[in-house]
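Letters A, B and C mark the chains in the order given here, with residues in each chain numbered from 1 onward.
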Amino acid sequence: MSSADIGQDGTAFDRFEAQVKELKRGAPPVNLSDDERVRIAKRTMLEKLDFGTAMDLETCVHCGMCAEACHFYEATQDPKYTPIHKAYLLRKVYRRELSPIRFLNKLFLREITAQQLEDWQELVFNSCTECGRCDMMCPMGIHISKAIAITREALGAAGLAPPELRAVEHEQSESGTLFGIGPPELEATIAQLRSRGLQIPIDKPKADVMVLTTAIDLVLYKESFAATAKVLNKLGVDWTLEHSGFEAANFGLVSGHHSGQALESKRVVDAAIACGAKIVITPECGHAYPALRWESANELQKRLPFEVMAISEYMGREIVAGRLKVRPMAKQKKVTYQDPCKIARQGGVFAEPRAVLAALGLELREMESHGKTQYCCGGGAGVFLIDAAEPLRRRTFEIKQHQVDDTGADSLVTTCNTCRLSFTSNARKVNWNTPIESLVELVAANLAD
Amino acid sequence: MLQDDARLIDYLRARGVSRRGFLKFCAAMTSAMALPPAMLPRVVQALEKARRPSVIWLPFQECTGCTESLTRAHGATLEQLIFEAISLDYQHTLQAAAGEAAELAKHEAMQANWGEYLLVVDGSIPLGNPAFCTVAGRSSVDLLTEAAKGAKAIIAVGTCASFGGIPMANPNPTQAVPVSEIIRDKPIVNVSGCPPIPVVITAVLTQILTFGKLPELDALGRPKVFYGQSIHDRCYRRPFYERGQFAESFDDEGARKGWCLYKLGCKGPVTYNACATVKWNNGTSFPIEAGHGCIGCAEPGFWDRGGFYDAMSVAHWGTAQDIAIAAGAGIAVGATAAVLARKKQADAGRDQHHSGLAASGPIPAERNKEQT
Amino acid sequence: MTLLDFARGPGFFCAFMIMIVGIVWRVSGLLMFRWRRDLSKARNPGPFTAVMGGLRTVAMRSVPPHELEKNITFQHFTGYAWHIGWFVTFLFLGAHLPFIRSILGFSWPNLPNGILLVITAITLGILLTLYIRRLFHPVLRVITDADDHISVLLTILPLITGIAAFGHWSPLGARYESVLAIHLLSVEALMVWLPFGKIFHFATGLLTRFRLGAAFIRRGVRA
């Protein structure tokens, strides 16, 4: 049984949305003068710039084609959302401070100002989900999303991340909870699910597989968590959750707070090492996957001794290998699939979810932009939490709406809870009724005996 | 024996040149000067009445090619009739006298015709040392200055006299200069070319004789009528240039088909002379027609404009060594810039973690700045 | 020394040397920039995966998926078209080939002038159109800077002055030698600017594509 769009509890969703609106109150105060902000931002940029980004910033030819790949620009036609423009401050700092021809550049480029840093908050946080679609477009092959990520870190260090994100990051790094969800809530959910007869091991001293979950799942998408347990149990895998490192979300990454990002990754990595896991599975959460699989080794400066897989990736692999068997669904359905940006284009997981859909006997109607050119849901990288970005999100949703509607599919399947949140929230506002389904929940509901 | 003040026409008759021959000469000159046919009677009249003016020809650093051009003929030519129209009172190659007798003749002619004689000069004048070019023990500068004082006009024949020519080619060891560098107060006509086309010399003289003044000159002092068009604009191979059909090497298929010689170094586009229309050897041919590109010999500095076989567009970019030095300099500056940039980045990283000012607090994990 | 002598001689030499110094400087400075090693485990580790991924992006980035390019088709195609036209003009005009031979030591057959004239005219038309578009298009107005204006001007000038020289125009009554000299000087200006403005993307563009392709392929994405 799929949980359709809002988890079985419509009021939980409303409560969550209301909670999100209040997030900014929890933002820690920042006492930095304008000069200090600029100094810190510049320092961060200098520290983070590497050969690749340096080359990129030398090579942009101002063609403006990246704008045509960005859903924020496409939805609003506002040129300030041009992706490379979001990286303008980084480019200035690089060209003035580090470029081989900096002494010439300084004659033409002025220093960045505190006002510009403030102006850019909206551009790199509210209107960028780091989806990477611009990276696919740029004729020069510039890694624009990376340049924007560095800019987010610079603004984050200078205390200029949006208050909602600062609040959540502060909570996660200081107290280890998210939206008030921590180990007690995890235990409560586990107890609830166990009472339904579901086996959920926790804190095993040794296990082959360590599973992560996330606060949003525990609050809104418990069935996704339950489904994960069900699938792993069916496979007979030696798996566990660990109290000390169960949270997959990484708001240090999302808010551009590098130290928080490292800390939050460290919790997971240490827990995995402690239980000797060979595989760590991330839940249906977008940024959690690249945060752990692609970035944590560099944050912590050590190679990971385990594999990282998203649950959709894991299921796909097991299905293709013949170890996980599913029944074709009773009614042949036409579905379309939302590739979550962080798992697909930024993560590399394309084929496995499609293998799952095929095994489920579903007819996949691809959106015009699918796979590596998939349009972002508009809520990633924390944008869903930013109150001021709400009008923007609604406008970008129209793009997704048309893409989905044009496929003629009966429902939309995805494997990221931010996509689910974003779609659900927007769908409710415009009365869009296409059901939104979770891949792991579909599998769990259709396991072969 | 004719009298000294005999008219030109008398001389011609005495030499057996018929009236018809004389008229033919006048017609040829009228046409060569690009005058309308209606001017022919005026030319005839002028030359009929003309006294044979005195012409002094001074040779300096020259190869005698200009004289050869004018005199080396395959038979009596119209050009040479000019020698009937003038009294060539001093010319090293053609005169019979030598030594002191020749110098005396020159002085007498100058005195007798002071202010009226035409001075023809070929060869450049060396300023480096008066001894580099002397006649009868006197330096060319002296000779030129003296002769110019009494001249009505000066005709600098050949590129050497007009622009300095080959003696002036890099490194110009004699510090050769053209006539116009030395004489500033007399009208000078530059009849350039290495050598000039014979009929051009003749026509200029005729023009002066007929009208008593210099022809219209271009910015380099050359008669526009002969030097007003580039070789390129009158070249019969121009259609091949326009189409892009070039000879790639001497005697290749393109060369044999008479294609454009641009790639073989032809300087036609930037050379102004009458070669392409008037041609040489009585209109027989000119260098391009013979299969060799124009070397630009009527232009100043033609010897120093890159090789004759280097096309106009060939780059003189220095040597491989120059490039190596430039690359070395580039690497030195680039490396310095990179080293300083790395240091700046390392300092920024250190400051970032020590200052604690970053809103997010210190980093828990050890950071290893330098990558392996 | 006439203007043409200067342009063919010391002018060219200086511009060429500045260009060499500038290119080597900027490239070497970049290549010595700090690298960051990626400690994450590639999806398909192997000695050639990254290289093949990089090369793939170098080639295929010029042919993006239709759904990406469909909003910007005009610019996408004309952008490549004028580059091709510009280089065809430079590399295949008969008058340019002795220049190329003097630098490379070898050359190749030239194209007929009739065809080249059409190509050059179209190239110039596209460049002017795209520049005017740059002045009015909302996105381009936000991101355009002085470098863009200078670079466009220095790209267009050799074409216009080249056509003027080739066609023996006499703008303002100028002599052929002056027009030719100005053509050469316009190329020299381009050479001097080349290492320092955005035209430098010729040196780094393939590298950036390669790097992006290699970075994404290690995640399993064919960028």
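In this text, a contact is a pair of C-beta atoms (placed from the backbone, for glycine too) under 8 Å apart; a residue touches a chain by one contact, two chains touch by 3 or more.
Because the structure is predicted, anything quoted here is derived from the model rather than measured.
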Both chain A and chain B are touched by which chains? C
Which chain has its Cα centroid closest to the overall Cα centroid? C
What is the chain whose Cα centre is as far as it gets from that of chain B? A
Return the chain pair with more inter-chain C-beta contacts, choosing between A-C and B-C. A-C
Starting from the mean Cα coordinates of chain A and chain B, work out the distance between those two points in Å. 77
Here the gap between chain B and chain C, centre to centre from mean Cα coordinates and rounded to Å, is 40
Multi-chain contacts in chain B: which residues touch at least two other chains? 333-334, 337-338, 341, 345
Listing for chain C: what residues touch at least two other chains? 22, 25-26, 28-31, 33-36
For chain A, write out the residues touching at least two other chains, lowest number first. 49, 98-101, 301
Using the touch definition up top, name the residues of chain A that touch chain B in the complex. 28, 30, 32, 36, 40, 42-44, 46-47, 49, 97-102, 156-159, 166, 169, 173, 252, 257-260, 262-263, 266, 299-301
In the complex formed with chain C, which residues of chain B make contact? 230, 232-233, 241-246, 262-263, 269-270, 301, 305-306, 310-318, 322-323, 326-327, 329-331, 333-335, 337-339, 341-342, 345, 371-372
Write out the stretch or stretches of chain A touching chain C in their complex. 49-52, 54-56, 58-65, 67-69, 73-74, 77, 79-80, 82, 84-85, 88, 98-101, 104, 108, 133, 135-143, 290, 293-298, 301-304, 307, 344-350, 368-369, 372-373
Of chain C, residues touching chain A in the complex: 22, 25-26, 28-31, 33-36, 38-41, 43, 57-58, 61-62, 64-65, 67-69, 71-72, 75-76, 79, 137-148, 195-196, 198, 200-201, 204-205, 207-213, 215-216, 219-223
For the complex, which residues does chain B have touching chain A? 333-334, 337-338, 341, 344-345, 348-349, 351-352, 357-368
